[in-house]
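Letters A, B, C and D mark the chains in the order given here, with residues in each chain numbered from 1 onward.
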Amino acid sequence: MSKEKIKKQIMNLAPVVGLLLLYGVFMIMGTVKDINIAYGMKAIINQSIVVAVVATGAIFIYTLGSFDISLGASVATSALLGGIVYNATGSLLCMFLANIGVAVFISLFNSILASVFNLPVFVTTIAMLSVLNALVLVLIKVNGTGSEIAVPAEAVKALDTTGFKVLILVLFLVLCIFVFNFTKIGRMQKMLGGNEICARLTGISGKKMAIIGFAMAGIGVGLGAFVSTIYAPTLTKNTASSVGMDVIIAIVFGGMPVSGGARSKITAAVIGAFSMTFLGQIMTLMNFNSGIGQMVKAVIFILVVFVATFNQRSKMLPR
Amino acid sequence: MKKLLAMILCIALCMSTVVGCGSTSGEGNAAADTTNQPAESAGTDEDAEEQTTAQGGMDAVAELDMSKTVKIGVLVSDSTTAESLAFQNYYKEYIAKNYNVELMYSDELVDAAGEKSAIDTFITNNCKAVISFSSFDRMAQLNQCADAGVYYAVATGTLTNDEYESVKTNEYYVGAIGPSLDVEFQAGYDMAKHYLDQGKKNFAIFGGALPYYTEMHIYRAAGMLMAMVEAGGEGANYQGATDKDGIVGKIFETATIETGSIGSINILGYVGGYDMDEAWFAKCGQMAQMDGLEVILAVGNGSDFFGTSAQGTDVKIASVDAYASAYGEAMEAGMLDYLAGKFSASIGPIFAATYRAALGSPIRNSEGNALALDQGYWVATSSEQFNEYYAVDSSVESPAYTKDMLDTLLTADYAAFSEFVGKYSFDDIKAIQ
Amino acid sequence: MKSSKGMITKIFGIGTIPVATLVIMLALCASKGVVMFETQGNWIAFFRAVTSVMLTTFALSINLNSGRFDFSIGSISMISSIVASQICISMGFTTPVMLLISLVSGIFFGTLSGLIYIIVKLPPIIVSLGVTLFYEGFAFAITDGYGVSFVANTELTSFPSVLNYSIIILAGLAVIIFLFDYTKFGYNYKALLSGQKVSVNTGIKEVPNAVGCYAVAGGLMGVVGFISATNTGNIQMALNFGSIGVMFTAFLPMFIGGFIGRFCNERIGYVLGAVTTALISLMYARLNVDSSIQQITTALILVGFLIYLNNEGKLKKLIKG
Amino acid sequence: MEKKEVIVEVKHMDKRFGSTVALNDVSITVRRGEILGLIGENGSGKSTVTSIIAGMQKADGGEMLYEGREWHPSSMINALENGIGMIVQETGTVPGITVAENIFLGEIEQFKKGVINRKQMMRKAGEILDSIGASHIKPQMITGALDLQDRKLIEIAKVMSKNPQILVVDETTTALSQIGRDIIYKIMEKMKEENKAVVFISHDLDEIMNVCDSLTVLRDGKIIVTFAKEEFNEDLIKTSMIGRELQGDYYRSDYDGRYDSEVVLEVQDGNLGDQLIDFNLQLHRGEILGIGGLSHCGMHALGKVLFGAEHMAKGKVLCHGQMVKDEAFAMKNRIGYVAKDRDVESLCLNASIKDNIAAGGLDQFAVSRFLILPGREKAYVQKQIDGLSIKCQEMNQYVSALSGGNKQKVVFGKWIGRGSEILILDCPTRGVDIGVKQAMYQLMYQMKKEGKSIVIISEEMAELIGMVDRLVVMKDGRISKEFERSNTLSESDIIQYMI
């Protein structure tokens, strides 16, 4: 391997190295401060898992070079409808199916709306964000107590274990890795993200791939909603409201190029989601207040992404 | 190659978390057990104490060992309101400096999941107790704390009766001290009454989080309407309702306040929510400038949203919030006429109760149940009054509840404790001081 | 060149959307027995909405048109108005000074954001995520989370008036038109916008131009922050991307402006786009429309308009044949 | 022959892009009153050296003298202001602004009197356009709405407005029709007469030999040889360009224009705007069909139509009697399409060779047409790399790092690998060096012999004459003439039907 190549390799692994580094810092600081590390790891998994699952699905959208800002609202909507379904049927399976169904429906609606009417997906999702936020309020008003829709805590308690949640993440990740790396779909999506015209002239249907991509993202959103519900079964208007932006941050932090294409990595989401949580925990250990903590986070975020993409600088400013 | 490596690493990481979680959950339990042990031993102490309290009546408790630093987590639901900042200020600037405690604050929480993960973080950091200002899912918070052997206390608002019944015997539930919904109702009632007594007839109401069914706001609004129904003369009613339950029920039905007449009293306008968009600000503006309007009653912060629009009119604004300097200025400028505010030290007693629980000496009521004590507002109706209150409230040297006062709570029995909390008015506290 | 038919098309293209909106909004209000512009307050609210939406639209479009997506504009408006009001309150400055300081600090934070972008050379959307978090955190840190409240400062809060807003609208429009249509900066901006590579190769300096764009956008957002601060006399804090909401208000006027811009100067299109959305906002306020209905309606209008824009050709074909 | 006055001298210039050496100790002398040709394979460094002279980039080493003084242009505008202008190979105009703004791109300041005086700018732009004989372009038009040729003319106008002492023309003519070419030739001649200098870069050997007074050959970043006009010899030049003698035939050698009678692909009554008007065309098994014409005669649109990538307003495209409804259908029926604009339409530059080749053959090597096994994928790609001898370090190398010829090979690999029976090639040898060209011609011929059918859409008459069985000449969306393969066919025969 040439020197250049080694350098490239290191840059490419920057997000992974970043994660390991953050993990190390957390362990060291945790040991020094004598915290309950074992419980902490569990907490970190709990705190990362929803974002990790949703972001992993969203990689399919990002690979296409698209962008979905309504994912958080979508998680909330699907969690709420799932909650309504549970309260009506008393079946967790029904809730699960409702979670997935609703999320996939929303996602497909987004992509079909965009492809039928030739709209830029991103703008469609901005509009969708408003619609879903409003829908959340309406759902809670109509079907809940007004301030919440609650699934009984006992009903989901059995599932609220780290093992189960990690299992969901791993299964979904494996599914996504399979689809992304070992089937035609992943290749076609990367090609579309890299050069849409060329992909079309290679017989790859942008619309079909967008629909598949959004469907995969929808599954991620549905799983996220499910995991979110079993973790915190009381759903309110702000449920999952931070997920939308966290997903974007996680994906980028994990080393995924925002423009999508051939450099897309399916594992970026998980790496990014866990990195951000570790970072948050470290901020807590350092006793930063919200303002300072957020500033430090911002700086580290930019630095990591900067290092990870150091070998991709061009003469012109990126857009 | 590198992709493969990244993938393997990623899967390995997940696997390690699975394996780790197998072991973590085991370890976690073990850890929880270890944390449980002192707590449990504390629990047995407590049981013993309870028995003693039960047998020996209201005897004072033994000396507390305050040599070890106690970590307490604080769940913050809104880190930017005057109230929550005043509270944090009291904890940070006074409590943390005068007691051997380390207070950890959560980030701003917006949902039940946030609460849960914040508590996870507290437990990770070996907090012995959690004081909660966040109310998305209190039962879940309590259960989570109890499972980990961590004491849990509610610092704003109280539990509903049903909720209290279900958890009052939980040894990790310290209790709640704050305005109950009845107190909230009364606060609204008093506010409206204040103006009705002055002969005002034309009101507008700001509903705050009422459209999101935030109960304390609903009860405050209901209190206002109740006062109007009483003052409205023969046959006055709000949408047909004439009593407390009826009015509350009406608000729950529609999540809004209907404008119109209540007997001789008029509700000219209503705005709810915190949309903060152009349309919302326009709604606020036009409400403040309505013809004939005399008073704006806000269930929350009113002057910030209506003050400038009402500038130059005779409209009075009444708010419920905390003692923040901005309100003093607003009162001085005539933009705020009436403030029912929580005083920052009002969260002193719940700290005392939580702290002593963490030290192994929890306080329970005469039946051995968790605390459920009411506490109300300081009402200022003039700038002078505000300044007097504010001087005390904002002081970090001698706040409303000083260390000496709180120290008595650490060893007080239930009767003394509850009496102390019950005397929350400014004058009462001054008298105690 | 300027045939009368061309003129008619032009006037029609420029006027249809705002006029139709005005008529619809008036009709909606009238049907409920409400006079849309009843009080002075209504006029002020309308002009305020036009001003801040217009400035936000300018700010958003400057970078978005060049393919630079900027989440940070909301946070810039917050942080610069905080800096300005803190200074003014402590020094007892007057409103015009606060406006000036808002503008200057907006330019400062915008420039900073632009500098970070050109230094790290990451896609702007990523940089703006970091910058947003940073500014929000910074605003929080310098005010200890309290934000700023100066409700009682009648000097500063007396700013809202139709006249003052009109002055800002005209001045803002004039400055933007001057900057983008009559200066070297503007010409280079347009060239870079649609032909980045060619322009750079020709010798146009992209870096200063990009920083300039951020500076201008920042300055505009500083004024937006000033307007919202002087409206209520307080500045609310936002963390965790709470500040990005401001940006979303500018999309509809931007698209409307883009459409109108085919018939006239694009910036005037943006103003008319802002007028259109301000009319809708005022209608919501006058009729006390519930916020969820409001959100859904606005979103539907946005999607509907986009569908029209992106399928204009097809629609025309459909109508013709 | 008396030596003319030297205007620019490049001495020992070096330039590196990462690890690749673009220029290695290059020295060039440009003289007044002379048209200097630069020729070489892709990546030989000819564009690099001229772009350095014209201020587009900077050298790593060596020195440049311009009229005897040290020459360090800071930008293209800077160079132009000092008298060195260049018309680039790629599009050099910005689409979203007016013609006038393009002409004064980067030097708008001259109209600044407090503010930019738009009227004055427009007037001046009009004058410049008139002066080069492009009065049909109006200064206030939006550039993006013009066709490629007019956009090139704008660039020329921009350069000529500065009255340069040296004009560099970098492969500009490839994109132009005869009219455009004539304008350029005229300008070059005029410059020569005025005792100014021209540096002319082209792939077209005939053209360059016609136009130039001397010719410098570059290879792998080094100067190989410089010929004076009287030394021009096609074979010699070719040999020095590729560094060895061309083995075997360049085009095909036979004049046997026979092919099977079976129609594999046809257009029936096609109509597409002004690109295709009542258009009928048949492609037969084993046929190489050439389509010639001016660049906007509709032939490029025809290529897309044949592949199902563009839909006609009326009429249909049939492959073995079935409607070609989209690209996927076309591929299923073993049609392949090599687009004219390679970097935009045929390749994903920010992806590896593997990704690009594999993208075309997913259904070929995927198990059950779905599952992708890395081993099978690699084997498939390696086969194409070997078969077409694509020069690369490894298959994971990004396509953006390859030379034009190798890029085109990757495109071919994408289509040949999947066993395409019908290939639609739109300007397949555009910007491709001779060595690769020859290989491609031989490949096409080989494919014909295997019974495959090929459509070559080209603006280069020589390659059409050299390769096709049947030549269809298009003009304004219609077929203006059809020629069968013949050894007597000449360019002038064809051109009269194009214009």
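As a working rule, a contact is a pair of C-beta atoms (placed from the backbone, for glycine too) under 8 Å apart; a residue touches a chain by one contact, two chains touch by 3 or more.
Being a predicted model, the structure only gives us computed values, none of them experimental.
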item: Pair sharing more residue contacts (C-beta pairs) when B-C is set against A-B; value: A-B
item: Innermost chain, taking as reference the mean of every protein Cα atom displayed; value: A
item: Separation of subunit B from subunit D, taking each centre as the mean of its C-alpha atoms, in whole Å; value: 73
item: Computed distance of Cα centres, subunit C from subunit B, in Å; value: 38
item: Distance between chain centroids, defined by C-alpha means - subunit A, subunit B (Å); value: 33
item: Inter-chain centre distance, subunit C versus subunit D - centres from mean C-alpha coordinates, in Å; value: 44
item: Interface hub residues of subunit A, defined as touching at least two other chains; value: 137, 181, 242, 289-290, 293
item: Numbers and ranges of subunit B residues touching at least 2 other chains; value: 79, 107-108
item: Chain contact graph, described as a line, ring, star, complete graph or other shape; value: other
item: Footprint of subunit A on subunit B - complex, ascending; value: 1-3, 5-7, 9-11, 13-15, 17-18, 20-22, 24-25, 27-28, 30-32, 35, 79, 104-105, 107-108, 110-117, 120-121, 123-126, 136-137, 139-140, 143, 148, 212-215, 252, 255
item: Complex interface listing, subunit D residues touching subunit A; value: 18-19, 307, 309, 326-328, 330-332, 337, 339, 344-352, 355, 358-360, 362-363, 366, 369-373, 414
item: List of subunit B residues in touch with subunit C within their complex; value: 79-80, 82, 85, 88, 107-108, 211, 270, 273, 275-283, 285-286, 288-289, 303-305, 307-309, 311, 324, 326, 329-330, 332-333, 335-336
item: List of subunit A residues in touch with subunit D within their complex; value: 2, 4, 181-184, 186-188, 190-191, 194-195, 197-205, 261-263
item: Residues on subunit C engaged by subunit D in the complex (per definition of touch); value: 178, 181-184, 186-188, 190-191, 193-195, 198-199, 201-204
